[in-house]
Amino acid sequence: MIKVGIIGATGYAGAELVRLLLGHREAEIVWYGSRSYVDERYAKIYQNMFQLVDAKCMEDNMEEMASKVDVIFTATPQGLCASLLNEDILKKVKIVDLSADFRIKDVKVYEKWYGIEHKAPQFIEEAIYGLCEVNREAVKKARIVANPGCYPTCSFLSVYPLVKEGLIEPNTLIIDAKSGTSGAGRGAKVDNLFCEVNENIKAYGVAGHRHTPEIEEQLSLAAKKEVVINFTPHLVPMQRGILVTAYASLTREVSYEELKAVYDRYYQDEYFVRVLEKDVCPQTRWVEGSNFVDVNFKIDKRTNRVIMMGAMDNLVKGAAGQAVQNMNLMFGCEEAEGLLMAPLFP
Amino acid sequence: MIKVGIIGATGYAGAELVRLLLGHREAEIVWYGSRSYVDERYAKIYQNMFQLVDAKCMEDNMEEMASKVDVIFTATPQGLCASLLNEDILKKVKIVDLSADFRIKDVKVYEKWYGIEHKAPQFIEEAIYGLCEVNREAVKKARIVANPGCYPTCSFLSVYPLVKEGLIEPNTLIIDAKSGTSGAGRGAKVDNLFCEVNENIKAYGVAGHRHTPEIEEQLSLAAKKEVVINFTPHLVPMQRGILVTAYASLTREVSYEELKAVYDRYYQDEYFVRVLEKDVCPQTRWVEGSNFVDVNFKIDKRTNRVIMMGAMDNLVKGAAGQAVQNMNLMFGCEEAEGLLMAPLFP
Amino acid sequence: MIKVGIIGATGYAGAELVRLLLGHREAEIVWYGSRSYVDERYAKIYQNMFQLVDAKCMEDNMEEMASKVDVIFTATPQGLCASLLNEDILKKVKIVDLSADFRIKDVKVYEKWYGIEHKAPQFIEEAIYGLCEVNREAVKKARIVANPGCYPTCSFLSVYPLVKEGLIEPNTLIIDAKSGTSGAGRGAKVDNLFCEVNENIKAYGVAGHRHTPEIEEQLSLAAKKEVVINFTPHLVPMQRGILVTAYASLTREVSYEELKAVYDRYYQDEYFVRVLEKDVCPQTRWVEGSNFVDVNFKIDKRTNRVIMMGAMDNLVKGAAGQAVQNMNLMFGCEEAEGLLMAPLFP
Amino acid sequence: MIKVGIIGATGYAGAELVRLLLGHREAEIVWYGSRSYVDERYAKIYQNMFQLVDAKCMEDNMEEMASKVDVIFTATPQGLCASLLNEDILKKVKIVDLSADFRIKDVKVYEKWYGIEHKAPQFIEEAIYGLCEVNREAVKKARIVANPGCYPTCSFLSVYPLVKEGLIEPNTLIIDAKSGTSGAGRGAKVDNLFCEVNENIKAYGVAGHRHTPEIEEQLSLAAKKEVVINFTPHLVPMQRGILVTAYASLTREVSYEELKAVYDRYYQDEYFVRVLEKDVCPQTRWVEGSNFVDVNFKIDKRTNRVIMMGAMDNLVKGAAGQAVQNMNLMFGCEEAEGLLMAPLFP
């Protein structure tokens, strides 16, 4: 059994890790870390876990945790993981960091967009960007996996084949993303109250959202040139789900069949990426609670653009599910272990 | 492997059976029955099943189905199951009927409340009311299980221990129930449109809902006398979930500890019934997607009444989950097989 | 023009007062009081008021406010109004208190249920319980109006005619109420986050909610005897709206026509109370944004009980609308001035 | 008093016309037309109008209606208005057509995108596109006003100043729009059921939505050259509201102040268009129930694009409110009569 510790187990992403790992046949959680609820029973905070989890919350102590577990998930805001990590710890455990600390290779870019100093830049190079569909082999050998952000996962997987194949001009890319509210976390803020979120949609972080450089870096690697894009996230009155609608100019005339063949080639062996059939638009409800990303595209001959779409559960493939997928690779389990549940509908 | 046929696989309860049975290690669906979508691919109607279910919908033909499967689930409106059933079929397969056809022992009561003639009254006596927590042994030997209604399941389990022990006067029982909209089914009706359901709550079927006699019959068996109650359902703007708030006069002075001990005695060995801790109210979000029923109670000394509460997912414990639980008992599987997933939150 | 000051203008009830008074032809707001947003532009907090309200928030200073306005609305938690009020102030302005401070005549009952000491008990007797439909004449002459609570308004108006006429036994009354989330206010609490409220229903304050004694006191006055009831509120995933479902035993056999005639007699001249037609259940969506209370009832001959129902917008008739209605009476305006907008649907 | 007839009074747009006109001091509805509910009381279908509207529904008979009213609103699907209209009718009444029949000047474009033959092409030239902010003077003299579509209204007003001033290259325009569900109408379709819409977001009509040519025609007029754009609508789980996020390349380097001055110049005298302050993003909740359109923009220097945003209530400014605004102009009333209510929040 893989012994698991979670730093930030009482946030939404942490709670989703708990839900998924309860169904994992080769892992068990031995440390429920929390800053706010130390010594409280976990099931008191997440009553869905009543009679399923008996443990109490413990401190978010990475040092001590490292001596008791095989892998640590950090499901906390940016900065914390980097501030706690050191070589001693890395000698004892593997790390899957759900925060942004090790996602961006250029530390200056990180520090500029996140507005904080990076406390452990020496590990950035070593860390693997944990998008299994792209970096599978590297993840298997990693000590530190930087679990991708929710928007970047959905954005990147939606456009990756066409960028990689040079079929779209990456600098014309405009990504308009829409997310449910769980992505904003469980903090008590007026902006996230039911009466503020319900019956409302808004853009936020326009031309300045922190996931922009993460998406750009990955796209640049795929395109083999520097890519600068527009990325605009929106908040939608639903709990889970991210929908990405991406627009880009085609580099040459293409047919539906040609692009479909490209998507299929990239994803036919990827269990968690489903290329939908012609004219079927991805919808968040069809992936809720699961680790799937549904993608599709539509060519607009009038404007010579292609519209690429992706739908995903932000807490699963966009956070905890992808983290478990990474853990599975790191520990030699079946990649889909613990992640085989069908989407919940309605 | 248990071979399963579903009549009505394209309704919400049928789709939930599909979701649950995909995760069942000893059952496989071999017949997706549907009236409206014959020959269409199932995953086209329920896109969440894309790449998970390859089958096409077939006719709701119980006769033919019976020669190909071990168990038939009928997830259709009242009347259909009774109209299709005969002794030949019952010699070949077991039936779990999710409709009301075999729930009520008194055929006149059924015909009065449902306003239709019962087409197979000869099987009513044989059919077992499939509330596993009460009729476990009988279910194991049954050919026909009448899967309980959603409201009756939640209502009955919330009040059963106190009725059975004579601690409340059953004829003072008032059950005020609230349900999500999936209980109304997938039919295209104006009343169930998003814009009609959202931002709204209403009572319906006041003093006349068809689940009333079902609840009363089961309570009468428990109380060993005829019970007449008030039952009022309400429609709530959510997808899944039933909450029951039940009121009754206590027959004598009791303490919290005494009632708690009664509930615990009835349910401590029941995996799917969770008696919550003192002062914790059941909430539908804590059971969503799971087969749990969370129950609790509060004594009101001022009025000498007890308020009993229960929360449940209407599509799982209130329909498909309980049906699978019954199937497990009928076929000698672990009772919780396929039903161990933790509730989904948020 | 009636000059209006609002203490607590930045809460949901305060904001609704602003919305309603903007459409009032004989009143103007001259003081937007707030504790948290002093010196900020009101329209920055409530962006719907952009270009409609230019004012900045000022302190919640009742003393100073009293010298500049004709009427003060206090839309704040219990305790504040009583702590600020004095005879000097009352000589200058009229008060409509939306908190509970002056609703309950027995100060001991208030102090027990609210758990705080009453700071101005000398004004309790003078204060008029501002349910216009019952105390219209007294309100007209009042210096202090205690604006009724949201649940009490809807509960009381739903059952009042039958209690008053002795047609139900008031001590059998069980009131099961359901409310949207705006009733919980705009405070930043985890419990009121979108992801916690959505797709959920729960009871709260079971057998102990503070609106219980308020309802009981008014019912006792109507019944001319002490009344003790069960009152259970529930939180529903919607923004506005309260639905009350009340159960009581009939004191004698009655017909629909007889009870309908009673309701009509009490409410036919009450513009804001609509007695619905036979078998039409009140729904919160049909009153949203308006000052209407829709009521109806259903006799259950099987149990000899009557089920009484009421629907209302908690922020309008349950708070700000009723407060404006009271102001209109106190200042000799048309009672419905500023309150004539039709309900918004969908 | 302006006598009003409504064809399609029982759809959502028709019902919103009724709500708004009830508060209009110079208009009264004398004909509630309906296809499905002839002879039923209007308030039985829209219970919010109980005791506010006594009338029964009458046939959608434009001929007869024309002899009894001064203005006819057609709130019906495309094709109906054109099929009923003739010169005799136009001699008697003015027409505000909420359908698409007279919005597009090129009848071939209409017939191609809508897939139907136009039955009254002789009136297309005469009809005025009823975007008051652009065509105010023409509307005043019109016999037929083509009330703009919901998406086109919000899209056009969001980008108009920059297109008109040549500050953006119109052929780079990408409009990503999000709408609440009331825009889909009150038809009983599975796709619009609560359980299908809630907790979901999807794109639809990708690269082929019928509002595309309407937007393009208006933009072409503004840009004085042919404009071809991408327009992608999405369905969001809310009742009302449209949010537009539009992207375009700037034609030259500009400052925030410069663009702000342009927007202000175009809209400072437009009561219903609110140009928000710097960095405030439009949100649908701040305009709900009102005739306002909130617009703003953000320059992205990294990509040399500007992101333009607009929020609006699709049933008010996007349908019934704009129709009343047009009627006001056509009949010499104050342009804002009946439309002065503040947005409802929450």
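Before moving on, here are some points about what is shown:
The first chain written gets the first letter, and so on, giving A, B, C and D; residue counts start at 1 in each chain.
Criterion: contacts are C-beta pairs under 8 Å (C-beta built on N, C-alpha and C of every residue); 3 or more make two chains touch, one makes a residue touch a chain.
These figures come from a predicted structure and were not determined experimentally.
Looking at which of A-C and A-B shares more C-beta pairs in contact, the answer is the pair A-B. We define each chain's centre as the mean of its Cα atoms; on that basis subunit A and subunit C are separated by 46 Å. Subunit B and subunit C have CA centres that are 38 Å apart.
Rounded to whole angstrom units, the spacing between the C-alpha centres of subunit A and subunit B is 37. Within subunit D, the positions touching two or more other chains are listed as 12, 182, 195-196, 198-199, 237-240, 283, 285, 288, 346. Taken as a contact graph, the chains are fully connected, with every chain touching every other chain. Here subunit B touches subunit C in the complex through residues 171, 174, 176, 178, 180, 195-196, 198-204, 206-207, 228-230, 232, 234, 236-241, 243, 245, 247, 281-285, 288, 298-300, 302-303, 305, 307, 309, 311, 346, going by the rule given at the top. Residues of subunit B touching subunit D in their complex: 12, 181-182, 186, 188-190, 192-199, 237-239. Within the complex formed with subunit D, the residues of subunit C that make contact are 12, 15, 18-19, 22-23, 46-52, 182, 199, 239-240, 274, 276, 280, 283, 285-290, 294, 340-346.
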